[in-house]
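Below are the structure tokens for one structure; questions will follow.
Each chain carries a letter (A, B, C and D) given by its place in the written order, and its residues are counted from 1.
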Amino acid sequence: MSGMPPSLAPAAKPGAKPATRRVAESRDQADRARLDAAMRGFISDFGPEAAVYMEACLHCGQCAEACQFYVETGDPKYTPIWKIEPFKQAYSREMGPFAPFFRAFGLTPKVTLGELEGWQELLYDSCNMCGRCSLVCPAGIDIADLVEKARHGMFEAGLVPGDYLGALAGKEQETGNPFGISREDVRRALLEIGRSHGVEMHVDEPRAAVVPTVSSIDLKMYPASIAATARVLNHVGASWSFRTDGFDADNVSLTAGDRTGQRLVTEAIVDAATRCGAEVLIMPECGHSYTEMRWEAANTVGHALPFRVLHMSEYLAECLDAGRLKLRPVTPDPEGRGVTFHDPCQLSRRSGRSDAPRKVMAALGLDLHELADHGADSWCCGGGGGVALINRARPLRDKAFAIKRRQVADTGAGTVIVSCTGCRQTFEHGFKDAGGETGVGSLLDLVAGQLEEDGKTP
Amino acid sequence: MKPRDTLGQKLAGYGISRRALLKFAAAAATSLALPPGVAPAIAESLSGARRQSLIWLSFQDCTGCLESLTRSDAPGIERLIFDFISLDYQETLMAAAGAAADETLVRAARDNHGKYLLAIDGSVPTAEGGVHSMVGGRTNMDMLAELAEGAAAVLAIGTCAAYGGIPKAAPNPTSAVGIADLVKEKPIVNIPGCPPIPEVLTGVLVNFLTFGRLPDLDDLGRPLAYFGTTIHDQCYRRPYYDQGKFAHSFDDEGARQGWCLFELGCKGPTTRNACASLKWNGGTSFPIQSGHGCLGCSEPDFWDKGSFYTSLSGGEGPPWDAVGGAAAVGLGIGGAAAFAARRSRAAVDRQLAKEWQRDHGATATSKTEEDGP
Amino acid sequence: MTLLDFARGPALYWSTLIMVCGLVWRLAGVALLPFRPDRSAAGPQSRGRVRGALGTIVSRSLPRRTFLARTFATVVVGYAMHLGLLIILLGGAPHILLVAQATGLSWPSLPKGVVALASAVTLVTLVFVLVRRCTHPVLRLLSNFDDFLSIVLTLVPVATGILLAEETVLPYRTLLTWHILSVEAMMIWLPFGKLSHVVFVFAGRAVSGAKLGKRGATT
Amino acid sequence: MDERDPFLNALMGEVRMLLSRLLDDGGPGQIDLMRLPMPPERRQDLQDMLGRGEVEITLDAAGTSLIRETAYAGVWWIEHRDRGGRMVANLIEVAQMPAIVPPTDEEMRASLAALHARDMKEAGR
């Protein structure tokens, strides 16, 4: 790493060229060059771990049985390990221990651009990177991790699907959020939410022990959640502040496979939190951004983070434990149907914190009816990994969502509690598309509504 | 035909009765694996058979075969067969020596041309024109070529004559070979064993005298009646093998219990011979019964098949240093492959870093340098 | 030199060396790739990388209940085949002997009947695996030449081993020859094809187990 | 012994078949016990199964032979030994009388001739 700690480095210059330039350029690149770019994207940051995964696959097919896209459609092409097939081939030819022989004897055909185009649907539309397949694999192959690497290659070859995902990622690089909202607009919007919801809002304070981040989706669709964040942090008496220079945690670039964008977003947040001396960085109720910040950011910036990274439900659970968060139990619903809870894959399965949201729900006195598969075994809502951002994938997403709908129905619960904005959106769409009547509730919103005010700030 | 030329007459002359001959025929039928009902026919046929001339040559041998065949402590009835055979020439047994012996050989070969049986024990050295074994100034090769030409059939007695045996064992300084490697035109029966079982030779002779031809042979030229099954198949310890009970050393409990000797290197499963059924020393015992595994002495190249105490499934795996060498080679190639992969990855990383530098300038908190070469 | 001598001599020698060389080659080829240290902070329920790796090596041998309904056939057949192979390899007297002669280690053998039953089960499951690979849509899509060759190269030694133990059809020596040769063919192919999973499934489990174990996630 | 030894049961079945054939005038039959897997215990079991009849003949011709009727009339146990006492053949013979026992006409004629010659010699004395 360079001598200058990233916290002192200037933020991304406004004039810096966004990576969309490369996407646009790639349209005109010769196929060959795009292919090479794909392989480069794939093998960069490819280490012994990924290589072991590549060598270990038995072709046993069990991962198919763990994937909702296969289970609900019965189409074998949705077998998780098949989704990275061209990259497996590329690995054999370019990086594997027998690569020289594979090349010399042509044992593995060179991947073609046409193949990669054909794989676009498999790598983007039909993979949530939820890691359920990684859990069933008898060889322990982290297929979700390999899909992430494969998407790097796809991005480099200009094969990010639709303009939607690509454009979102591009805007993210320009402005730090996928909707292209300027810092000033963000600041105004946050203050406005504080005013309209009657909650004290802290924005861009120079010093703050707790820095929450949010999803820009919340800014537009669920402003109440942002107000809830402020309300809870005020309640626990934290010194906190939103930072408009590191505010949006969506990291759409990560799901798009754009490492440059991913790194810019990550660095911006790390820098912002470091600058105000944060002790805790709270990730919003959103999955992939949490794993990125929690488990990868230190490697991206090249040093251990000077603050802790917590998911909102982890933070709530900690405050409960410390006695700083006091909650009134919810009034039981008259029908007595209770609630069920959808585990966000990245928190429960990928990070091992299924306990945190349950601790919070217990404090709320919720009548929790667990899904048949919950915790680490939970099925993804079908929207993760950026799939929710791909318009054309909606029919497939709805199909995959069927398993979730069935399991929710089986509990008899009237409401599904979620703790991830992405999941929340997918559930609302999914229930709407299927004409269901099950309600969807945010854990944070629930908490914010049940705060026990003990004469402190109202 | 003179009356005394038939076995019946000769036996009568010895005071051997019809019943004795019948009894012998029953024993011969047993040992030749013929139905017991044919014993009377064998007896009748033997009784009318003509005296058979036999010339016995000893080449590169140890005389163990002859010892085995003649040193029966209680001469049984098969001894009579040898008596009936006109053993016209046998250097070890005959009284004549020197020129007189040579003359005997020449006369026997001339008088019975085309009809005599040629028995040979010992291998034939072929190096340097065969000078490593000579009798009366003539090489074994010469004698074999000349005498085989006039023989009705050739009996290769013992493993040396049959397959070269111990003289042929690596490095085989005399370039020893078995009879079948040199004699191509005559029927040959191999009676291997180190030494061979006497009853087998008797059986072959009875067969020849009774039916006028050699018995059925297997693909290694051995009489099927005696070499059709493996020692393992007939071994009385076989049930222990099937039960998985093995002696692990020559003095453990398994050895005392008489369990299978497979693990101690017994070659029974790959050795075809009649030891386990006919046994040795008048039916007293055979090697496995006395607690030692079969050496496989009646099989070709038995001396060169590794240790007698290496079990059959063992085989000759590589020594540890060779395994270590292979691992080192693997490490080298694998390391080279990984090095090549590292280089191509490093090139990619460098290029990406350059692009980053170009696009984002000083923001580059480079992550590429920290990965090794 | 007979074919059996060849099988027990040079063929065994070289196939062993090729297997060792190939496995080390393949392992070194991946292990020596540039490794990036993980700087992230461990999770609050972290078991650490080492315990995560070791735990996962064990835990992935046991089917997870939630998947079992859909993977039942694969799991049962996989267990039957691998346990069968294990019984044959570790319980069959001639195999123990082989190890004893190479290393000096020895242990009691299982009764022949048990080994025979295990062999029969293994053979049947291997045939089932082969048929299923040809018929199941997912497996058909995933399978390549390597998969089929690897199954056949496992099946043939089992089949010849059964014939050898029962001493039917062909003479012992012929069967022994083909049994040894077929095992050697398998050994030669082992490092280069799917059979290398004897090493790499554990490597794969260890790698993801270390990662998830550090996080404190379910492995 | 194990009464249910399937091997011996099969052997007894063969004996029964040979005896029935003999009665149908199919001629005598033999079973060669030395070619069969016969550990000493099994041999003893077989002998016990067959039992002992009333006739026992010792034959002295190039060694001793034992010819013994079993408890089943017409079924004979035969052991041929050479001069060293080693068993060279072991048979079950199913016949009115084992062929080796009764003298042949030829032998009797030779005996008659010998007796005749003896009378001549006595008369001439």
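Quick notes
Keep this in mind: contacts are C-beta pairs under 8 Å (C-beta built on N, C-alpha and C of every residue); 3 or more make two chains touch, one makes a residue touch a chain.
Bear in mind the structure is a predicted one, so any value in this text is a computation, not a measurement.
Common neighbours of subunit A and subunit B, by the contact definition above: C. The chain pair with the larger count of C-beta pairs in contact, out of A-C and B-D, is A-C.
Rounded to whole angstrom units, the spacing between the C-alpha centres of subunit A and subunit D is 96. Separation between the centroids of subunit B and subunit D, computed from CA atoms only, is 37 Å. Here the CA centre of subunit B is 39 Å from the CA centre of subunit C. Multi-chain contact residues of subunit A (touching two or more other chains) are listed as 45-46, 95-98, 299, 302. Across the assembly, subunit D contributes no residue that touches 2 or more other chains. Along subunit B, residues 333-334, 337-338, 341, 345, 370 each make contact with two or more other chains.
Inter-chain contacts, as defined above, occur between A-B, A-C, B-C, B-D.
Every residue of subunit D that touches subunit B in the complex is listed here, in rising order: 28-32, 34-35, 37, 39, 59, 61-63, 65, 80, 82-91, 99-100, 104, 107. Listed in rising order, the residues of subunit C touching subunit A in the complex are 25-26, 28-41, 43-45, 56, 60-61, 64, 66-67, 70-71, 74, 78, 136-144, 147, 192, 194, 196-197, 200-201, 203-209, 211-212, 215-219.
Remark: subunit A residues 1-2, 4, 6, 9-10, 12-13, 16-17, 19, 40, 43-46, 94-100, 259-260, 264, 267, 299-302 touch subunit B in the complex. The residues of subunit B lying in touch with subunit D in their complex are 16-20, 22-24, 26-27, 29-30, 33, 35-37, 39-40, 72-77, 80, 234, 236, 277, 282-283.
Across the complex, subunit C meets subunit B through its residues 1-2, 4-5, 7-9, 12-13, 16-18, 20-37, 93-95, 97-98, 100-102, 106, 109-112, 115, 167, 171-173, 176, 180.
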